[in-house]
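Quick one: this structure, given as structure tokens, is what I'll be asking you about.
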Amino acid sequence: MKPFLALVKRDLTLGLRRKSQIYQPLVFQLLVVTMFPLALGSGAKTLALIAPAVIWILALLASLLTLDQIFKNDYDDGSVESYVLTSYPLPMSVMAKVLAHWLLSGLPLVLFSPIIGVLLHLPASSYGILMLSLLIGTPMFSFMGSIGSALTMSLKHGGLLLTILVMPLLTPVLIFGASAVVESSLGNSASQPLLLLSGLLILSITLIPFAAAAAIKINLE
Amino acid sequence: MSEFFNMGGYAFYVWTSIGLFFLAMLIDFISLSMKEKSVKRNILSFLRRKKNNK
Amino acid sequence: MPIITAQDISCQRGNFLLFKPVSFSLDFGQSLLISGPNGIGKTTVLESIAGLRGLQQGRLSFKDQDLSKFKDDWFENSLYIGHKTGNKKELSCLENLRSFLQIQGIEVSETQAEDALESVGLAGYEYQMAGSLSAGQKKRLALARLLLVKFSVWILDEPFVNLDVSGCDWLLGILDNHIKNKGILIITAHDNKTIKEKVTSELILESVGL
Amino acid sequence: MTKSYRRNDGKLNMHKQRTNALLRFYHKLGSPPSFYRISGYFLKWLLLIAIGLTIWGMYDGLVLAPADYQQGDSFRIIYVHVPAAWMSMFIYGIMGVCGAIAIIWRMKMAEAVMLASAPIGAWFTFIALVTGSLWGKPMWGTWWEWDARMTSELILLFLYIGIMATYSAFSEDSRKAARMAALIAVVGVFNVVIIHYSVQWWSSIHQGSTVSLMGKQHITWDMLRPLLVMAFATKFYYGYSMLKRARIYLLETESHKRWVQDIITEKKS
Amino acid sequence: MKPFLALVKRDLTLGLRRKSQIYQPLVFQLLVVTMFPLALGSGAKTLALIAPAVIWILALLASLLTLDQIFKNDYDDGSVESYVLTSYPLPMSVMAKVLAHWLLSGLPLVLFSPIIGVLLHLPASSYGILMLSLLIGTPMFSFMGSIGSALTMSLKHGGLLLTILVMPLLTPVLIFGASAVVESSLGNSASQPLLLLSGLLILSITLIPFAAAAAIKINLE
Amino acid sequence: MPIITAQDISCQRGNFLLFKPVSFSLDFGQSLLISGPNGIGKTTVLESIAGLRGLQQGRLSFKDQDLSKFKDDWFENSLYIGHKTGNKKELSCLENLRSFLQIQGIEVSETQAEDALESVGLAGYEYQMAGSLSAGQKKRLALARLLLVKFSVWILDEPFVNLDVSGCDWLLGILDNHIKNKGILIITAHDNKTIKEKVTSELILESVGL
């Protein structure tokens, strides 16, 4: 087995074994969605108005909760050495880690989003665009998170610092993603924001693994 | 008969509800017997391990 | 020409040089014990040698190549096991061992891995999660890697810690074997007289006066 | 020092008084091996009765009962929705009580019953939510409404999930896991009550009058009977599922004990 | 010095030294608040409508981020033993930990809330009630969190589990807190929800230290 | 009548009994070494004795009081230092030491604490954060507590690990002193012959067959 596949497989095994990593972000989303109507105290109209924003912000927050674990875990128990102290290119290992993280945390968010939509009274016509936009957007959470996690892995309380580092970088994703859903819920075409989102994704795939690899190297020094 | 399945136009809602009800019970039932099997298998293998070690 | 040479290397922690610069060179079949009192910088220097951190001063080379520039060859020939063992607590012993090797690009069969676990005294623990092992068992699991890699350079930070008497004996035997087979060993250890006799050279770190 | 001796004396006297047959039965149930044996007799019957009642209830409810004059045939969802909703609360009550017993007296059987109740309780909650939602669409034109009862049912599901997640998070040491989960169950009981009233209070001041959900309509015996039958059917299935899980829990946690090993090897040979 | 005070002092020193524990929740709040207008893509009106809900939900989420550290830190480095293996009553030590946590994370949220209010166009008349309601409500976050943290301290990835355990328990606080602000922003009296909130707080103070102490004991077994 | 008695105690981990039930009793001035191979349950039994976890079977008593019921007296007389040292990494050495003692209800002056740090070899590290100490220095910081508490029972899990030679000698001296002053010591250690000679009794844990 190639080191790339071995790393993906190891992380998937770990994730499936912990389980919590998969279903807890979903439950978190559900919980916060429940809080909204409770705290708002008003009818369905406001809810539908803010639904796209809330869904996207929650997807972001839910991924943020697991982002710090991309590398922190491996740093804490020392297993980061298994892919740093090897001649296999580090950016490829970063790719593998990001892929595994997305499969475990991003994909479930995409698949789960219609339920959140129902709870927030999102118009039925927008579900397709909602899922599509999340499908393009969530991988970027994992990519950006890999930089943040690589930078904060040696800190004990890096989680919040990571949030602060990563969130501003993710605002474009959030803006395009949410606006795609807003447009489609208003009956307009959502192709422009979706195209921009895809552009960002391609950029992330080509550049970020190198940045994250550099961050790991710096952090270990 | 088809009238029965049609449920006065509410077929989707009624049959999905009832279907989910039985599906959930079935999953519960199956997971129970699978769990029982695996627990027993684990204990047996442990007993074998201990016997061999002795 | 020795394979590994270190010229006047020293490390830094929080703006102070830790120890007087030291030099050493190692050839196949040689071994080095790095010793010194607590806090002198043994762990730090081992991490630098392994490639986890940079050196503060001096030059380290492997097969005549400067390690600060060319690391691939070094990474393909060296194995570092530090204070942190690098086991994932949610993976079983078997999975831990195999996935570590696969990530390093080494493929071993399940029976090979099982045999290695058996010889480190973890027979019967193949499917136990590493998180629920005792301190000594965790160390043994990490050391099992030594049996399966073909790397010529071993870098071990206090490998005897937490091992029981039979574990120490086993480890000594393994290290002996490695050196006899023309391997290279860099190790730290406190209070283990036996290892002092086994190694071909000892490097005692001394603190820098002001 | 003398204090502890006196305590022991007290305990001895207690033992002598335990001659009551009912109490003896209770204590037998409290011991894992006899619980395992006694529950073994019940299992098959519980399942058979549950299946029988379900067939009756479903036939009665879907075929025999007349359609509602207002809701038409969609009202038939009642025969799964309401029994499931009732069970979701009933089971949580049981878990709260058993959880308290498990924490205070460290009784293993209470742990077993509490843990064994969680998955099936979560399923019933899930069914109540989904079927309610499926009922809401044709009736109110929306899948979901943030009304008091529905909100607290949703939060009940979260509590169930929390309890199961706690248990599985500590799966390495099942007794510890059980007591942790028990603590959540107990705290959760208070909370369900508080949530229910707080949500009711909250929605009553903001929304004029919500859709009258489960208003007291006159329900004929023909419609009521299948409901009651299904209510019993779910109770019996709960009995089956819970006992079986409790037995598995006992096997797992007592696997080092003689009686478990006897049972296992005997079944095999 | 009494063990109670010693524990409070130690935790305050730690918090002030880590700093991040104090300012990161605030920055987190700020960041998410800025996301809302971006993702909503609409005017001030909607914002003002959802302001009380968003402020309270964010206060809850921001505290949740630090809740797991109440005991987890002490468990990880073994210093939990310093107050468990002593004859000083454990519920008192829990009290001390909760007090320190609130001073470090709850109080700053209270003091910071007017700024968030301004950003979300909250009507000027409601700031008093906003701060008052947070002042009564945020200690309950720390109290409930102490149970959750005690339960999850031995887990490596307990953060999300804690969220799931604690959030349902905090819904009443959220409902009463937010509705106090909503009422006051509508010009009504907020005394009823505030009274209910105070009742909950008194209940928490008297009961929760015992529950958390029990959880610690069970977890250490 | 001995002060501490243990009757047929044993511990459990993941549903299995770890070792054959053991009994011992200790009086003032006596010491006990608990030994056995890796993973037999030494750490587990020490934690149970210290009061961190329950016993699976058997009875443990202190001054004739059952420890499963009356713990206060025991907590006021015993000190446990385990694998995890209990130092906070963001507190300085001095703060670590003092706050630990204050939480236990013991008040020491700053000079007393400084003296203790000096005698464990951490002079000059008073204001360094505990997180940036080396492995051996962390251990020394934890052991400094021994110098300042007046507890009669010390429960130490592998205290020699990571200490250098002079550190081991220092610790041996301290332990010796404690026992001479009618203290009680319960300790585990691998591969340290010297401690074996010092203790008054040794308990070897054995695995349970089926």
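The letters A, B, C, D, E and F name the chains in turn, as written, and every chain counts its residues from 1.
Everything below uses one rule, namely that a residue touches a chain if its C-beta (ideal position, glycine included) is under 8 Å from a C-beta of that chain, and two chains touch if they have at least 3 such contacts.
Here the structure is a predicted model, which means the values were calculated and not measured.
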{"item": "Remotest chain, chain C as reference, centres from CA atoms", "value": "D"}
{"item": "Taking each chain's C-alpha mean as its centre, the one farthest from chain F", "value": "B"}
{"item": "Two chains sharing the most C-beta contacts", "value": "A-E"}
{"item": "Intercentroid distance (Cα basis), chain F paired with chain A, Å", "value": "46"}
{"item": "Intercentroid distance (Cα basis), chain E paired with chain B, Å", "value": "41"}
{"item": "Chain centre separation (chain A, chain C; CA means) in Å", "value": "37"}
{"item": "Rounded Å distance, chain B centre to chain F centre (Cα mean)", "value": "50"}
{"item": "Junction residues of chain A - those touching two or more other chains", "value": "18, 20, 24, 27, 31, 34, 38, 41-42, 73, 156"}
{"item": "Where chain B touches two or more other chains, by residue", "value": "47, 53"}
{"item": "Touching two or more other chains - residue numbers and ranges from chain F", "value": "13-14, 83, 89"}
{"item": "For the chain E and chain D complex, residues of the former touching the latter", "value": "147, 151-152, 154-155, 158, 161, 164-165, 167-169, 171-172, 175-176, 179, 196, 200, 211, 214-215, 218-219, 221"}
{"item": "Residues on chain D engaged by chain E in the complex (per definition of touch)", "value": "103, 155, 158-159, 161-162, 165-166, 169-170, 173, 176, 179-180, 183-184, 187-188, 191, 194-195, 198-199, 201-202, 205-206"}
{"item": "Chain E-touching residues of chain A, taken from the complex the two chains share", "value": "18, 20-21, 24-25, 27-28, 31-32, 34-36, 38-42, 46, 49-50, 52-53, 56-57, 60-61, 65-66, 69, 73, 156-157, 159-161, 163-164, 167-168, 171, 174-175, 178-179, 182"}
{"item": "Interfacial residue positions of chain E with respect to chain F in the complex", "value": "1-3, 6-7, 9-10, 13-14, 17-18, 73, 76-79, 81-88, 93, 220-221"}
{"item": "Chain A-facing residues of chain D, complex", "value": "133, 142-146, 151, 154-155, 158, 161, 165, 168-169, 199, 202, 206-207"}
